[in-house]
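Letters are used for the chains, namely A, B, C, D, E and F, taken in the order the chains are written, and counting of residues starts over at 1 for each.
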Amino acid sequence: MSKPFKRILLTGAAGGLGKILRDRIKPWADVVRLSDIGDMGEAREGEEIVRCDLSDKPAVLKLLEGVDAVLHFGGISTESNFEAIMAANIQGTYNLYEGAHKAGTRRIIFASSNHAIGFHKVTEVLDADSPTRPDSMYGISKVFGEQLARYYFDRTGIETVCLRIGSSFPEPKNPRMMRTWLSYDDLVEALRCSLMAPRVGHAILYGQSNNEAVWWDNSKAAFIGFKPKDSSEQFKHLFPDTGVYPDKDDAATTYQGGGFVNDGPQYI
Amino acid sequence: MSKPFKRILLTGAAGGLGKILRDRIKPWADVVRLSDIGDMGEAREGEEIVRCDLSDKPAVLKLLEGVDAVLHFGGISTESNFEAIMAANIQGTYNLYEGAHKAGTRRIIFASSNHAIGFHKVTEVLDADSPTRPDSMYGISKVFGEQLARYYFDRTGIETVCLRIGSSFPEPKNPRMMRTWLSYDDLVEALRCSLMAPRVGHAILYGQSNNEAVWWDNSKAAFIGFKPKDSSEQFKHLFPDTGVYPDKDDAATTYQGGGFVNDGPQYI
Amino acid sequence: MSKPFKRILLTGAAGGLGKILRDRIKPWADVVRLSDIGDMGEAREGEEIVRCDLSDKPAVLKLLEGVDAVLHFGGISTESNFEAIMAANIQGTYNLYEGAHKAGTRRIIFASSNHAIGFHKVTEVLDADSPTRPDSMYGISKVFGEQLARYYFDRTGIETVCLRIGSSFPEPKNPRMMRTWLSYDDLVEALRCSLMAPRVGHAILYGQSNNEAVWWDNSKAAFIGFKPKDSSEQFKHLFPDTGVYPDKDDAATTYQGGGFVNDGPQYI
Amino acid sequence: MSKPFKRILLTGAAGGLGKILRDRIKPWADVVRLSDIGDMGEAREGEEIVRCDLSDKPAVLKLLEGVDAVLHFGGISTESNFEAIMAANIQGTYNLYEGAHKAGTRRIIFASSNHAIGFHKVTEVLDADSPTRPDSMYGISKVFGEQLARYYFDRTGIETVCLRIGSSFPEPKNPRMMRTWLSYDDLVEALRCSLMAPRVGHAILYGQSNNEAVWWDNSKAAFIGFKPKDSSEQFKHLFPDTGVYPDKDDAATTYQGGGFVNDGPQYI
Amino acid sequence: MSKPFKRILLTGAAGGLGKILRDRIKPWADVVRLSDIGDMGEAREGEEIVRCDLSDKPAVLKLLEGVDAVLHFGGISTESNFEAIMAANIQGTYNLYEGAHKAGTRRIIFASSNHAIGFHKVTEVLDADSPTRPDSMYGISKVFGEQLARYYFDRTGIETVCLRIGSSFPEPKNPRMMRTWLSYDDLVEALRCSLMAPRVGHAILYGQSNNEAVWWDNSKAAFIGFKPKDSSEQFKHLFPDTGVYPDKDDAATTYQGGGFVNDGPQYI
Amino acid sequence: MSKPFKRILLTGAAGGLGKILRDRIKPWADVVRLSDIGDMGEAREGEEIVRCDLSDKPAVLKLLEGVDAVLHFGGISTESNFEAIMAANIQGTYNLYEGAHKAGTRRIIFASSNHAIGFHKVTEVLDADSPTRPDSMYGISKVFGEQLARYYFDRTGIETVCLRIGSSFPEPKNPRMMRTWLSYDDLVEALRCSLMAPRVGHAILYGQSNNEAVWWDNSKAAFIGFKPKDSSEQFKHLFPDTGVYPDKDDAATTYQGGGFVNDGPQYI
């Protein structure tokens, strides 16, 4: 049986999530084109390897040729100095969309981040219409990407799902991640739904598993059909209940962005 | 044990859904009065058959006599020319409410339709307060019925649940119906909840099963207690994932109304 | 200097407001086509007189030929029995839009009414997004017209401003009209702005002068640019302050529709 | 293993819910301090008994000493005359917060009530932002408590979860409670989540089980993580479906507060 | 010519605003009944003097006899210790409403305060639906009064306008009052509109003049018709522009309540 | 008399609006520091001239030293290729905020643009909370600047008013500008209010005169106190009423951004 797509591009294929996705997305395309600034090893069956710096515009334009859909996980995925983020995430994402536009690519799943809204308090519940409040240069670059996607949709019709990923790891590493955890299976399911839905326009989807306590409400993205199946409750024993409350003025537990709100411009 | 109602009227009893409901609603009333413009066969036990054209006011006034509650499935249930729709759905529904008012009927479940909101995009999630955007003369007649019901509630206290039915068939017939499907069991349950809730006022309830991807959010009708149990996921194999996206300007996949948005006034 | 439009159609030209408008709108079009079911006298310079029953579809289709824009004031303008309202306001408005569609007319100003929202309380302030709550068969027919206009815009691009007229008389006739009064000058200005704005899409505009106490907020129609210049304050002496409050259960002073809320289906 | 808290104070320990909670909350604290105006029997292991009238300020200030967190179930829990309610619920709750402020207590779970919003209709679905509409002097005192908590949070940082309890009994006693029922297990779970969440700020949480038909939507409190596990459906047989609708003007079935809306100031 | 009301009661007649109002409201009633805990001097023509402690229930019940409408300016009008505020503002306002209910009084204008919402930031613009965030015990007592009024309207139909007075003085005393200033003329006009509007239900009206910069939006109270005529701009010279910004953490300039937010429970 | 500020920095001083502002802002500061990449002529009394490329980080850090407040009009002010915009507007604005942070500057007025929201339709009325929909690379860079400002406020407390300037010219140049026009006097007043308000936090203010028809509603910025005094009505004769409607699919008259929506990535 033929696969849904002829060619999907995965950027950031050598990154933490990129490695996880590399095998999981194979059923979706005859060819998976993998891209990263770092080493990705040998191409396996059904793979194309294209080493590429996203800030290199001609290279990125070429990278998009023949691509039906993109999973854009490339760029810098944590706080860094502004110039590095500008090159990789701002110039890089511009290059990607411009390449997609020239190549006729129809849909992009953009790995955005909860750090686009990290300066909201942990006692708020956000949805797709909540204003962005980035908590870092990294977060600002993610808002830039979401807005660039908004523009390309309004102007050219390229559809994007902006997946605001919480914390996608094998298991939660701290109490905050009990709320923000996104299991790998649920990440893959979010991507599958985002790629396969007939139309998505320009959508915001929060990437979180079916955890008990959460900060994000996906009801405005119900047309995508993402229903997470895992829950961080299985890891509850790792963080037993405690009556010790964080200090009233502790920013990292006050804001959704956690430690990011403390790593501002002055730290590099 | 006695049944909840003495007499329920089902209009449109010879129609597609009417036939399904004919047996399913028996446990709710000592007598089920069936009405249609077409042939309904012989009356069975606990049934009364009243053949009736809804646009015939005196006949409809008589039809309502002795009726406790109505399931109003009668009229034209697809796009047609305006004059036919006006007679059956506009004059007809007016006759029905006027009859209910005169007969002292307390509650009506009105078979409204997703075509009352069909010109919203498939990338929107609607709730009971979303503005109506009909996609057809048929859809306009359903908005008319909902507004007429609004008036009769404000003026006389007759309660109505406007059930905006998605696609109620044995199984989804196309990818759109994976989102809009309402199983027969869930249809019956929606009617049961709507009839049995102590008060419903003038309510809007979307008629959809517990499908994965949906366009409609029933949280503002939580007081009715309708919790669908089926899901279109069981039919997923009929419409396998495909990376072929609909054309950017294809109206039938852009708007919730599907093909209806293409069947406007000029087509007859 | 040439006038903006070649031909404007005014329906209801023999009605109360029609007579007022007949002379006031002349500067806007080379030809003003006047239509009514009643006698309109002789055609004056720059006028065409077409006597026409709006419920007569062929006649209405013909009426629209060569028309650039419509001021639709025709039909029944007060509560009546449903059948009369259905013929004049429902069939009639359908005929008008169908005629406009066939004739290529680009814009219609629809004389809607506050009775489309008359079952809201006088202690509410409504805007363009407030749900409709008609207070009469007449009000229901106005909601029908607004929704028909919504459909024709979504489907064909014909633009409509639905002008929900308050009380347009030489002066307020009762205390309620101190709130709902729309001077003739302001009515004309509302029509002028609605006709001349480059784009209006499908818009809801409340027709009220700059009265002190009001129930309607036009801020969502600010793109039309209607700024009323008159105020009912000049007639304040007609209704001096009084400490006599209406009875708690008096519907006519509880709801915005005033006396209309008491003139329901049973009254004819 | 040590318990989360050193000392939790439960006020109202001799009341209906207080008795239920007395044993259920033991796993949360080394010491449970119990307080009531009435007799609480002997202190058991891990308990401290402090008989105390909440309107006695010095006594309450002392009561709070050494307390980490409070479950405030004390005061009058039904309609009464205003003076009694003012002493127990207004002066009493003020004393409690002032004591908590002086003692450095960090969090209070305040047993608020659905009667803080009882004059909303049963055809509305409320969330944490819906305006309060108290249905009784009792309900007014609960709004007072919620606002006092709001002030203490804004001013001093004491966190409060206002738990608007529906009907917490072994089983529903009437059809209304099919909607408002909160099982004891779910009550305990709501308290546990409210106490253990890292931050709650000033939060409103509705106390209801996972019943089919409900009036309250907790999605804005998703950060607390309360997911009820019981449902009133298990008691459905107690209140079989009936086609008998309540009278149009019957206040007790029109408003969420039920019978409370009939027990106003004049009744004592 | 007869005056609108037979008898209006003004409580707090010896207070700052009470003295101003004493003469200004005479045209509205044949008899103005004045009440205060303090000395009000001799009764002048058209006046009745009733010295009365609002916390004395029998006295207050008697005070309301024969009263058509109330301007409730009595009680404590600044921060104080809780017990004093409870007696004057909580017990006192309860007594007033209970008296009004027994006497058949139809409308009350309640002198509420901006301190009911003082913990909102000065960079927010509030309207009638904004949640209350009191900044003091005084502010909490005003929220109590508003909610009590809400209850009496829902239960008995007594109408109340809650006038959230900003700063009503001859002229602004500090830069904050440039925003919150309410001239005496505008205060009188707000009261007049609130008394004379045919229906007001339970309304929230902000008491501010037509100042340039403001924090409060009265558009949801447009049905009352209050249009302030004065502006603090005439006093601009008193507070010339300065580039000195308040300290980032200065509460008194951060929150709308100004200095009140610093005068919490610990200050007495 | 001393001026409010010691030193204000105006970037973009050689640009169209910069030249206008150069003299108009003198009364606000002892020293006006002027900066531009282009020639600014000689420094006049009370001026400092610093020629500077905003993309040169060390130069910009130095530029901010000793600056109390900034009017940030520098960078590219129309659509251009992305790389040029990234250097001037993205890197440049980052440099400016980083410089302000290091220098202890307390407030920035950021010349944002209506092109940050240009892909909204001309039949919508936007306010400060409307989602951004940039119409160009230029517009995206303005959204970036607004979000950067949001971050710096949340993180460091630097306050920003984002002034979304409409069309600031001596007079409107086309019919669109009748809606978007901002007179020079009103521009100066908007800046004055934004600088002198005690607190502004992170605010969005639309820069438009008091024109009759408008697309933007500043009511959520009422705390700033900007009340425009001019109106484009004085230029009405330049664009007489015409009955010629733009083509249904003409983007430049459909969207608020006007011609910008046609000048996308492909045009350079």
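We adopt the following convention: a contact is a pair of C-beta atoms (placed from the backbone, for glycine too) under 8 Å apart; a residue touches a chain by one contact, two chains touch by 3 or more.
Remember, predicted model here, so these are calculated numbers, not experimental data.
More than half of the contact pairs of A-F, counted by residue number, reappear in one of B-C, B-D or E-F; that pair is B-C.
Centroids of chain C and chain E (each the mean of its C-alpha atoms) stand 41 Å apart.
One inter-chain figure worth recording: chain C and chain D are separated by 52 Å, centre to centre, where each centre is the mean of the chain's CA atoms. Chain D and chain E have Cα centroids lying 32 Å from one another.
Touching of two or more other chains is recorded for residues 219 of chain D. Interchain contacts (touch definition given at top) occur between A-B, A-D, A-F, B-C, B-D, C-E, C-F, D-E, E-F.
Of all residues in chain C, those touching chain B in their complex are 82-83, 86, 90-91, 94, 98, 101, 119, 129, 131-136, 139-140, 143-144, 147-148, 150-151, 154-156, 261, 264-266. Only residues 121-125, 175, 179, 211-215, 217, 219, 240-246, 248, 253-254 of chain D touch chain B when the two sit together in their complex. Residue ranges of chain E in contact with chain C, taken from their complex: 3-6, 28-29, 68-69, 106-107, 157, 159, 192-193, 195-201, 203, 219-225, 227.
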